[in-house]
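Each chain gets a letter, A, B, C, D and E, in the order it is written, and its residues are counted from 1.
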Amino acid sequence: ADKLQYFTWSGYELPDFNKSFLAAHPDGVEASIFGDDDDAFTKVKAGFRPDIAHPCYDKVARWNKEGLLQPIDTKRIKNWDSIFPVFKNLPDLQAGDGKVWMVPWDWGNTSILYRTDLVKNPEASWNLLWDKQYAGRMATIDAVHDTPVVAALLAGVNPFDMTPEQMDKVAEKLREQRPLLSNYTTDMTSVEQALASGQLVAAMTWNASATSLKKQGVPVEFMKPKEGMLTWACGFVMLKDAKNVDLAYDFINSRLETDSGKYLIQAYGYGSSTSSAFAAVPKEELDKLQLPSDPEVMLKTTVFTGPMKQNDDLAKMFEKVKAGG
Amino acid sequence: MSAARSEANAGGSWLGLYVLAYLVFLYLPILLIPLFSFNDSIQAAFPLQGFTLQWYATLYGNPALSSALANSLVIAAIAASGATLCGITVSYMDLYGRSPLAATISAIARLPILIPGVIVGISLLILVNLVGFGPSRLAIVLGHILVALPTTVVVMRSRFAAIPKTIREAALDLGASDWTTFRRVMLPLSLPAVLSAFMLAFLTSFDEFIVVFFLAGTEPTLPLYIWSQLRFPRSLPTVMALGTAILVVSFVIAGLAEILRHRGLGASRRTAAVNPA
Amino acid sequence: MSTIAAGQSLPESRSSPAFRFAMLLPGGLVTFFLILFALGLVLFLAFRGNNGSLLGAGLTVANFATVASDPLYWTVTLRSLAIAGLVTLATVVTAYPVAYYLAFHAGRRRGLLLFLVTLPFWTSYLLRVFAWKIVLAYNGVLNSALIESGIWSEPTLAFLNTPAAVVVTLAHAYAPFAILPIYVALDTIPKSLLEAASDLGAKPFTSFRRVVLPNSMPGVLAAALVVFVPTVGDYVTPAMVGGPASTMIGSLIQSEFGKANDWPFGAALSVCVMLVILCVVLVARDADRRFGSRT
Amino acid sequence: MAPDPLVRLDAVSKIFPGGIVGLDTVDLDIARGEFLTLLGPSGCGKTTSLRVIAGFESPSSGKVLLESRDITALRPFDRPVNTVFQDYALFPHMNVAENVGFGLSLRKLSGTEQAKRVGEALDMVGLGDKIGARVSELSGGQRQRVALARAIVCEPRVLLLDEPLSALDAHLREQMQVELKRLQSRLGTTFVMVTHDQTEALSISDRIVVMNKGRIEQIAPPATLYDRPATKFVASFIGTMNLLQSRFVGRDGDRLRFTAGPLPLEAVSETGEAPGEGSVRTIGVRPEDLLVATEAEPGTAPARVNSIVFHGRTLRLHAELGQGMPVVIDAPRRAEGFQFSVGDVAYISLRRGANCPMLSS
Amino acid sequence: MAPDPLVRLDAVSKIFPGGIVGLDTVDLDIARGEFLTLLGPSGCGKTTSLRVIAGFESPSSGKVLLESRDITALRPFDRPVNTVFQDYALFPHMNVAENVGFGLSLRKLSGTEQAKRVGEALDMVGLGDKIGARVSELSGGQRQRVALARAIVCEPRVLLLDEPLSALDAHLREQMQVELKRLQSRLGTTFVMVTHDQTEALSISDRIVVMNKGRIEQIAPPATLYDRPATKFVASFIGTMNLLQSRFVGRDGDRLRFTAGPLPLEAVSETGEAPGEGSVRTIGVRPEDLLVATEAEPGTAPARVNSIVFHGRTLRLHAELGQGMPVVIDAPRRAEGFQFSVGDVAYISLRRGANCPMLSS
């Protein structure tokens, strides 16, 4: 009688992602949604107990530290082998003995989306978001694992492990950027509207925004900065006291099927973690979505946003900078 | 026409213009929502692209939406009933209970207006987890009772205070017990306030989403649904269509409430007329 | 022997315990279990150290020390107070004439007008804020109108993502909350006071300034509180329309509980904010008393 | 009408929205320095008359003249008229001095001059020591006096008072009546006061205006009104009066003889003309003008005593004369040998020399 | 005290929060079937007494007994006592019949029985035809009668009335006084009524309780109270009375002779004991017991007339006797040869047989 409790990003609870699971378990899934995996963590920390959740890779360490997770037995994951090794081999994912903390499912790129008509021949660099020419007409993503990471890259600091002095440098970089920005936001609806209207000329976005605006005929380009795009990956974690472990495995298996990944690519323009899904999507379509046919190659050139050792301090620092400190 | 009145009208016409401008300010943004809900573009910007009903079509028969809507209505109805019940009893006992406990409860009940929503959400989440039922509709209901309580207490308190104290004493004097007095005299007399307290609490719950985020289990409420949809640029026009539908429904509900309130005003005016203070 | 002890001067013998129990039960449960729990938890957390866990560890005043010593929190708190103050000022000042019209000039249109004024409050808050984005945007209604009418040749960015946008949006959102209390206060001013002023030789504006305005102050203060208290802690509106320059204390509290995962510090911050708001409320209440509130 | 009245209402009518008649073609002259009282039942237009004079209402037709100048269109703040409101209408946010000084502060007067006049006005009403008090700290009588001071400090040509004493208790009220009257003679200002208390009107006024349904029924000095009410309405409104349907039986010099059932009455005709023989008129007889005796004598008529009510100095008998005609008699308590109880028959007669008016309805 | 009173207040005190004294050790016996009136200035504790009897306030000390049973701790709804409130306190959401039937509906009575008794009660107050009317459609007097019907339908042992007539206009008020009195004799119920109107109290009551500052000053039937007030307070509160500081000059059988300045007075001593020769007492003299003449005669004293106020049937002279001793005289208007104006000297004397009480303060 118990249904699987699934805690995920809004929009990732769609039934099309797990058709086979639903066929086997007509009761379906009970999904709760979040809009930000920091908020999700807060809610879980306060005692919310789903069976599986869908945070991103960089948060796994924090969830784990809090003792919220149980390792996943990869033997029970049927398509484990079709997952690209880049994802499987991510550090911090291992729990030993073939157990892992998270099963990667979706990934995407973060970069600057800019208006080609309003920004003429920019240098392919994250520095565009620091360009005083465009003061007041740029926006960036309000998340620790995006903007501060870029600032660290530009400041020549390792984003994922830094000394306090280095963090000061990052803060300096961020402070430099604040007056130039129209907004810090995660609200892509507003960002896309603003890019379309010309209010913004450049903004940090996910690749799906690029596809969407191009489809509407807005002259935009998704930059390939020389410092590297950011890549994020998210996946499924199993909560320690999960009541429906069997259902959870069924669910993850269903999500790793080719159909599911293909639907993810086609509907949202984000990457799937399985090679079988990529194989099922025609090459032209992938091109249009600015996705490579072989992510393994591409992901070597991007910066993978993994767990940051000083995440909480960085977050505080970023908040303060945003507030004007 | 009286001199006072003709003078009033001279100043009144300027004021009238101002009020008109103010109404434009109030309604201009609101009326954009229906406008763009018929616009054939996912960009909410001028110039308009063409008339379409497709967003309403997407709206229609969207199970996630209708369940969120149903959820919101049920939660709002229950939370509003709970908050109104508490508002009635708390303010009644504050005014007539003559005990320090009742006065304390009434004072505390008006505090939540000071507590930031995040904190209400988190602490109630901790509480419901301790108690054992976890995030759920029940948890949201509790959260919304807490959020709406100050309003219902203030509304009910001022209404009870406006009933002449001799009315209650007359009932007691005629042999009605405390309970009968409350049920047959005080409650019917404050019915208009009960209704407006209920309406206000209902709307507070229907519009709230910060507390909901923490307390929602697997069934989102409508504001949570709207908020999650607003993250997807493609959903924007559909959300506008949804907003328009809500607008129309609230218009109808507000109209009904207004009619009730008018009756209520009439009733309280009658009370005042019958019992000169 | 008297059955009621002297000194215990209850005006009326008490109602039956069963009745009192039943009537106090719902409110008592909610206040003691929900409200006091929430408040108690915040207070408790505020004195804990952060170790990432649910309730933190140890007892400390370090959180408050940090709040007090870091000028940023003062800046942001002051900014929040300033923005909330501006919102309050804007709301009350623009609402006052409307309330005045309702009380003294509306006549038979009063019911309709009250209805119209309260109606926008019935629409979804998120959508109202979004609608303001459409109005204020680069190619939004306001810019388009200004360009159409030839006042400006090029759209301006000065509307959206500024503190001004926050003020306008919130002033809009809280309009009915300001109009109603002021209207009620104006409506309860005995008409004979106006006549007395006029009788003693006061011209209309003098009557307004010296009689109506002072006597409506309780309503103005009530309106100000109703607008001010929730806006100080708001973070949704600044995030949606405010831009970086309007970050308010609510956002900081929120992010301590979310992104920064430092609940004790977030709790301490919100305790401080609640205290500040409480002070403002007390000052306002004192002013209200001095204006001879009739409530 | 007086040749040069201070205030004149000239055919003033006031129709309120909804067709409610407030005043119906009222002509009224108010003389310089007089104490005029408006008396009448609730809703008869007393307040409306004052409001028209003060300028709070403009008449639907007719004119208001002040010293022969048409002031109908003047706004209240331009009229040299001040009002003491029934609810006092003191400004709750000002203290006593500020209230009293409000009118002066609007005139071009030096601060010291203002303070001096405020002090004088407060002394005049006996509140010199309350100058800094909050309005809420004052008792009803004190508030009333502050309202009075606030009005007189402006030195109005006419002072209007709308039921100024109705909120006070009987004792304070009597005291304030004396004070009002004294103040008026001292200032020489024209007072126009509304009251619904006829004893108050009788004892305080130079002239009384009795109103009914928006019209003036009679204007006269108190004694005239009491002795020679012009209409049944005035007669029944001022004091108690038996209105006896009586048949004219003949003339006796000045005096007209009637019988009310078995009771012989004598009346005077104001106009001198006598009614036709046998015709029926209403004669007004005051209760104190009827005498009671235990024995039938010539000129007496039997009446059954229905109730005896103790009124202090007198006993009020409610009795029934002949064919169910009720009469009220005030018998002095101390008359020797007075011994009646309910159910007894008393023999009543008109006191010799009693002045009974013949009334038109 | 009566051997078996219906209600007894036994040393009842009521101290309100803040130390305000509502009642100060009040002992009061109320007899079965009597019409008792509480009279006194504002704030003297009249309402508080009723509320203690009804059970809305519990005394700070002392006991309330009903037929010798201690009911001090009973809640209002357990006492066989009903109240007619000053503001009527009708339930605005119920019609007339529902209002009147409210008390019955709480007792175990059949519907037809209830309807019958509601009908009877309404007939009794003359509102049989208003049974279905809304409260808001009724006039003040009608509401007052509904409130009365609502209370009497419960057949209380005691009916309490708190200023039931004060909101009515003079005419209606007099009419309702008669009706109240009639109703009380018919029902035989004990009525306890509060009023601040002494004429009302004098004319309606079997006994009057005069209160002052939370204490009872005197309890007596109306005539006794009027003729033999026990204290200066009662004397000045009931009707008008000159309180003359007088020197005892000798005894004349029952009668004690005094002089107030030049004016010779006679008083009776309630107790029979006489004051010492030359000692000074306060003698109460009613204004109507003083006669005025234009010529000095033995037994008269000269007094300067300060003002003459028209009171309808009498003229009230405010005069000054000798050393600044003010006296008030009521002179009948129609006395032949009466001719005074302000400033004249009138010669006043005590009416033969007048009953002047000697007062304690």
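Points worth noting:
The working rule: a residue touches a chain if its C-beta (ideal position, glycine included) is under 8 Å from a C-beta of that chain, and two chains touch if they have at least 3 such contacts.
A quick map from chain label to UniProt name: B, C = ABC transporter permease; D, E = ABC transporter ATP-binding protein.
This structure is a prediction, so every number in the text was calculated from the model and none was measured.
The minimum number of touch steps separating chain B (ABC transporter permease) from chain E is 1. Taken together, chain B (ABC transporter permease) and chain D share the touching chains C, E. No other pair of chains has as many C-beta pairs in contact as B-C.
Chain centres here are Cα means. That of chain B (ABC transporter permease) falls 16 Å from that of chain C (ABC transporter permease). Taking the mean of the C-alpha atoms as each chain's centre, chain D and chain E sit 26 Å apart. Separating the CA-averaged centres of chain A and chain D is a span of 91 Å. Centroids of chain A and chain E (each the mean of its C-alpha atoms) stand 89 Å apart.
Among all residues of chain A, those that touch two or more other chains are 39, 42, 46-47, 187, 193, 197.
Shown for chain E are the residues in touch with two or more other chains, namely 55-56, 75.
Along chain B (ABC transporter permease), residues 4, 7, 44-45, 122, 126, 177, 227, 230 each make contact with two or more other chains.
Residues 52-54, 70-72, 75-76, 79, 133, 137-139, 155, 157, 160-161, 239-240, 243-245, 247, 251-252, 255-262 of chain C (ABC transporter permease) touch chain A in their complex.
Interface of chain C (ABC transporter permease) with chain D (complex): residues 190, 192-193, 195-203, 206, 210-211, 214-215, 217, 291-292, 294. Contact residues on chain A toward chain C (ABC transporter permease) in their complex (touch as defined above): 36, 38-39, 41-42, 45-47, 62, 65-66, 136-137, 143-144, 178-179, 181-185, 187, 190, 193-194, 197-199, 311-312, 315-316, 318-320, 322-325.
The residues of chain B (ABC transporter permease) lying in touch with chain E in their complex are 164, 166-167, 169-177, 180, 184-185, 188-189, 191, 267, 270-271, 273-277.
The part of chain B (ABC transporter permease) that touches chain A in the complex is made up of residues 42-45, 122, 125-126, 128-130, 134-135, 213-214, 216-218, 220, 224, 227-236.
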